[in-house]
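By letter and in written order, the chains are A, B, C and D; residue numbering begins at 1 in each of them.
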Amino acid sequence: MRFLLSDEQREFGRTLNALLGAAGTPAAVRAWASGDHKPGRALWARLAEAGVFGLAVPEEHGGMGLLPLELTVAFCELGRHAVPGPLAETVAAAVFLHRLGDGAAAGEWLPRIASGEAVVGLCAGSPYALDADAADTVFVIQDGVARRTGRHGPVQPSLDPARRLSRPLDGTVLVRGPAVAAAAAPALDLARLVTAAQSLGLGRALLTATVDHARQRTQFHAPIGSFQAVKHRLADTLIGLEFAQPLVHAAALAVAAGAPAAGREIAAAKVAAGEAAYAAARTALQLHGALGYTEELDLSLWIRKARALRDAWGTPAECRARVLAGAGASAEGPL
Amino acid sequence: MRFLLSDEQREFGRTLNALLGAAGTPAAVRAWASGDHKPGRALWARLAEAGVFGLAVPEEHGGMGLLPLELTVAFCELGRHAVPGPLAETVAAAVFLHRLGDGAAAGEWLPRIASGEAVVGLCAGSPYALDADAADTVFVIQDGVARRTGRHGPVQPSLDPARRLSRPLDGTVLVRGPAVAAAAAPALDLARLVTAAQSLGLGRALLTATVDHARQRTQFHAPIGSFQAVKHRLADTLIGLEFAQPLVHAAALAVAAGAPAAGREIAAAKVAAGEAAYAAARTALQLHGALGYTEELDLSLWIRKARALRDAWGTPAECRARVLAGAGASAEGPL
Amino acid sequence: MDLDFTPAEDAFRAEARAWLAAHVPAAPLPSLETAEGFAAHREWERQLAADRWSVVSWPEELGGRGASLFEWLAFEEEYYAAGAPGRVGQNGISLLAPTLFEHGTDAQRARVLGPMASGEVIWAQAWSEPESGSDLASLRSTAVRTAGGWLLSGQKTWSSRAAFADRAFGLFRSEQGTARPHQGLTYLMFPLDAPGVTVRPIGRLDGKPAFAELFLDEVFVPDADVIGEPGQGWRVAMSTAGNERGLTLRSPGRFTAAAGRLTALWRSAGDPSDTALRDRVADAVIGARAYQLFTYAHASRLAAGGSIGAESSLNKVFWSELDIALHETALDLLGPYGTLADDADDAPGQGSWADGYTFSLAGPIYAGTNEIQRDIVAERLLGLPKGRRA
Amino acid sequence: MDLDFTPAEDAFRAEARAWLAAHVPAAPLPSLETAEGFAAHREWERQLAADRWSVVSWPEELGGRGASLFEWLAFEEEYYAAGAPGRVGQNGISLLAPTLFEHGTDAQRARVLGPMASGEVIWAQAWSEPESGSDLASLRSTAVRTAGGWLLSGQKTWSSRAAFADRAFGLFRSEQGTARPHQGLTYLMFPLDAPGVTVRPIGRLDGKPAFAELFLDEVFVPDADVIGEPGQGWRVAMSTAGNERGLTLRSPGRFTAAAGRLTALWRSAGDPSDTALRDRVADAVIGARAYQLFTYAHASRLAAGGSIGAESSLNKVFWSELDIALHETALDLLGPYGTLADDADDAPGQGSWADGYTFSLAGPIYAGTNEIQRDIVAERLLGLPKGRRA
């Protein structure tokens, strides 16, 4: 056993972190929220170049095969930088298309996903598609039917303005019947997994920013980070994130191995990472005080995203139910 | 509106507090836990003399009529001093007997309850009766049948050794049919109400003891009560108790007025008081450190009781369900 | 001990209820945090004032009804239950007015309170500064003596709704180098359109310009607009701060109404067998009832001649945490619709949950952070020793 | 990155599983906190040792199997899953032995470790003193130089199971008036039946004499029983303290087994539609899995030559809170049977929940309170400034 990221995986994360740190993502997020997707699409292209989307696309379509662990490494960085766009949706759509057995759709879209040309929406289990207005197409899974559409209703402003929600409209039927559910299951699991990874990165960024603030901000002639109540809240935030991280990695390994417990492992990771990141956002807001409550501070872009990610592709309640829906404990583990 | 205890009610509470403070209750609790009920029965007699049990007995049987508010005042003090015995059970049995319409049983037991001669058990909704081994008789309500018995199975040691649980056995049938349920409902509500009051007093005592300890105990050259983490935990404990108290009083008023919302008010009070006292016990244990974890410290008598009272006569889950089972909100209040 | 309103109080409540039923706009007003919405809310204040409902607890000669504390509580319950608009006049009415009643001159009261009650003049508070949040006494903005008055300079921030308000009130350092930071502060009122004032709106978490920064450059304020003695501003302000934390800013009616709406939402949209959500709804109901009763007890103590001090810190922590939990529960109940903003086409009709959620998140921060409140509870109510907090 | 055990590790696990299946007593042993139970548990240690299962990670020549960290983790998983008895030798094996391996002499190891592994000598720790809980460095018990050794005097407390144990180890002040309280302490071992030692059992919350006070009056200890250099006891002890908080004392197997038992209880006794309890059971499962995986990651880092420092404070807070939540959930699931003591006739069969609950409550207190751990996490892992804590 070596339950540690490899040097290559670490390096991949560092590269993405550096790329995104230099790319001015906050400006791209703000533009995205106002409906200007250009800077976000440019970022998307650079992420594709760095190999992010190819991690969900088979080699015959220009990708690297499905690499769940590398995907979680990448999505942790995407979350750390609050990158906008239907990121989880695009990689999940890639899995869906590959599994669906619709050669034409796969041939058309998978290479474009891998190359970053296509921004793809995915709508399942919710009335809304994320960022359909920015997407080249949206795949809709509903009532055992898979559709594809380019049309959507009006954008519904939500708590995270950089997540633009709308109802997909009409569309062409791709496949009907049990094949849809069979292809949807791994795709939705993957969406859940990478959303957990995204939460993790988001939470890390929130914690780092808040620790920095607590070291610098002075009240009552002392940095607020020297007050025990502040310290303990930050310590608890770190604990939440530190114990969520191995769940995310183990879930990715389970997916890669096709383990029967993969769905439960993913659900466990999603609960832990989603709640830890939401707690990190609450902590960030509280310890930044009124400053954290403004949209002017870039931190607000992170704070607003935490609750949406907590619920996306599986609310905590849904995921907890899933954790217990299965084989059960053995000496090797409780899942 | 004057939502404040009257001077007489306050004085009644103070009198009981003084009586119990001087009576060496911890020794009586320890004796009770070991099966020696003598000191506890002596205490019981003094409480009766002070008028506690008469508060649940009609005047024609030697009591003062049902005075729910005064009962909560009294039970708050009983909780504050961790008085052992089937206290809630005895007063609830009084209500049950009065409502049951069994003249013989009422005539036999109510005067003895008021005078403190009788320690009475009550078993309903649980396989166990509290302190049946100390009681003169136990009333059992089960499947629409009211029984009375003097026999019980072996005492089952539990987390609070001063609460001696056993299964009531056999017994004589008093009444069958719908009259039983009709009499049981207000009796069980009263048991729940006074248990909430008992929790409140228990929590207050735990908080006071812990604040005293935090002021005196020194570590790292400072009283631990000057550490912000300790302060905040104690502040939260106080907040829990302070907001539970008016719920207990309002519920007593609702019972006295025969208000339709009385059952919901009682349930709300029970959740709040039971959880606040349990939180106070957890705080007391944590801040006393290993000291709090010993049975030698009298505080252990309080700590052990908190969880049992939280669950007695309605767990938090049962009470929360009851809060929502009803008419619903109006401008005058949410219950 | 009782919880009974008198027949007169009941009549007062009934009159308020009837008036609200007849006047509360059927559709919600546009957001208070926009120019259009601000104007609409100002008009609503005028309507309230016209029928003497804007400041019910004030004396009749000042436009009120001389309502008792219990009548005021009943009015607030009715107000929130009716779903009436947010009070754009709130900062003036609940923060400045009590200070004027206690420390102002007759002339100030005569001049300021009428237009405040009618919504003609909307007040913003100007407490915080960039370096003075929790540690309010460390203020740096100055008031410098000049002929017939004072010149204010410096920067204020987190001034709620100052983007659209008319006037502001706050503390300024009028003496330098005092022994303690609380000394040498002066409480002043000033117009937001005066020469030297620059107002820069700040976007709230949800993008709405709910507060503003104020840059002051030698803004002249006449002596007539000093409240209390110069240099005594801290003492004067503390009565207002007490009000902000205590009874007036968050009346129980707000939470009883919200708990009622949550219960209705749960009955209509919730799954009754989902005990996890049921428990949270029940906790909101229990919390709102507890807060209402706690307030009744406090009001009874005040009516009996008692006073309230550090107890208001208990209030602050309790309602702010209740408010967040209540709104989080609503969002979870609403599922995919929970995060939709109030101006979304699909926004759930039963009240403005997303907006309320965002607003609730500010609760533990403003009017003294909950960390500070817990320190106060521990030190003043429990008698724990003061520490360095660190 | 992988989570795979090697074939050798799997074989090791299978061998352990088979041995445990054949040897774990069908009925639970009497409580470890009674004379009878203590003897029964000592006999169990002997049985473990006879087949070399008592100290699997020790070298073979000392009675172990030279098990790797991963083999040890697998063994612990199997041990707890099999419901095997509590380890009465635990204090010696997990606290004293690592110190001896690191700081002891060959002679000490040769003399002490064998009888420790076989259960012949059961060790108690003697860290705390009445005035030294969290602030361990403020110890007052003394070690005074005498011919050929030291005379120990003073009072130790919270010495787990010292009522029945044979020997103890702890820190004593051998120099007075040092510049810092951590200096001048010496790490010593001493027999509990020596002249001058008085052992007074202390009842735990549930009445069981789980720990004891030790009164020492000029107890002679030869130089051979000093571990490390005199005066360097703090440094020597810290490696043990790290062990207590870190990997060894609370192996993940304990929590994965408990979560498994809780899940089984929920499936058999729970109402599947009761989502409130379901969520708490799920959280216990998630928490146990997280703790297991976190430990695997740490073990991987150690196996790769890394080290673990303040990270063990993360562990301590996490497992202690998980343990309480898990047991509270079980008690709520069991309803009226939840609070029955393990020796009650009606006690629920599926494991000792009430006893485990009482035990769990001590988790946030011992081995460094969680308050101290959070300070450590904040200061050492997050780099927040040191404060006075007050």
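Here is the rule we use: a residue touches a chain if its C-beta (ideal position, glycine included) is under 8 Å from a C-beta of that chain, and two chains touch if they have at least 3 such contacts.
None of the values given here were measured: they were computed from a predicted structure.
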item: Chain whose Cα centroid lies at the greatest distance from that of chain B; value: A
item: Pair sharing more residue contacts (C-beta pairs) when B-D is set against B-C; value: B-C
item: Intercentroid distance (Cα basis), chain B paired with chain A, Å; value: 50
item: Distance between chain centroids, defined by C-alpha means - chain B, chain D (Å); value: 38
item: Between chain A and chain D, centroid-to-centroid distance (C-alpha), Å; value: 39
item: Chain C: positions in contact with at least two other chains; value: 274-279, 371, 374, 385, 387-390
item: Multi-chain contact sites of chain B, meaning residues that touch two or more partners; value: 222, 226-230, 232, 317
item: Touch list for chain D against partner chain B, complex; value: 128, 131, 133-135, 138, 157-158, 202-207, 211, 274, 276-277, 331-332, 335-336, 338-341, 343-347, 354, 357-358, 361-362, 364-366, 369-371, 374, 388-390
item: Touching residues (chain side chain A, partner chain C) in the complex; value: 126-128, 153-154, 156-161, 165, 167, 218-220, 222, 226-230, 282, 285-286, 289-290, 292-296, 300, 303-304, 307-308, 311, 315, 317
item: Partner chain C, residues of chain D touching it in the complex; value: 273-279, 385, 387-390
item: Footprint of chain D on chain A - complex, ascending; value: 1-6, 9, 69, 207, 211, 214-215, 222-223, 225-228, 230-232, 234-236, 238-239, 242-244, 246-247, 249-250, 253, 265, 268, 271-272, 316-317, 320-321, 323-324, 328-335
item: Chain D residues touching chain A - in the complex, by the definition given at the top; value: 1-6, 9, 13, 17, 70, 77-78, 80-82, 253, 255-257, 259-261, 263-264, 266-267, 275, 278-279, 281-283, 285-294, 296-297, 299-301, 303-304, 314, 317-318, 371, 373-375, 377-379, 381-387, 389-390
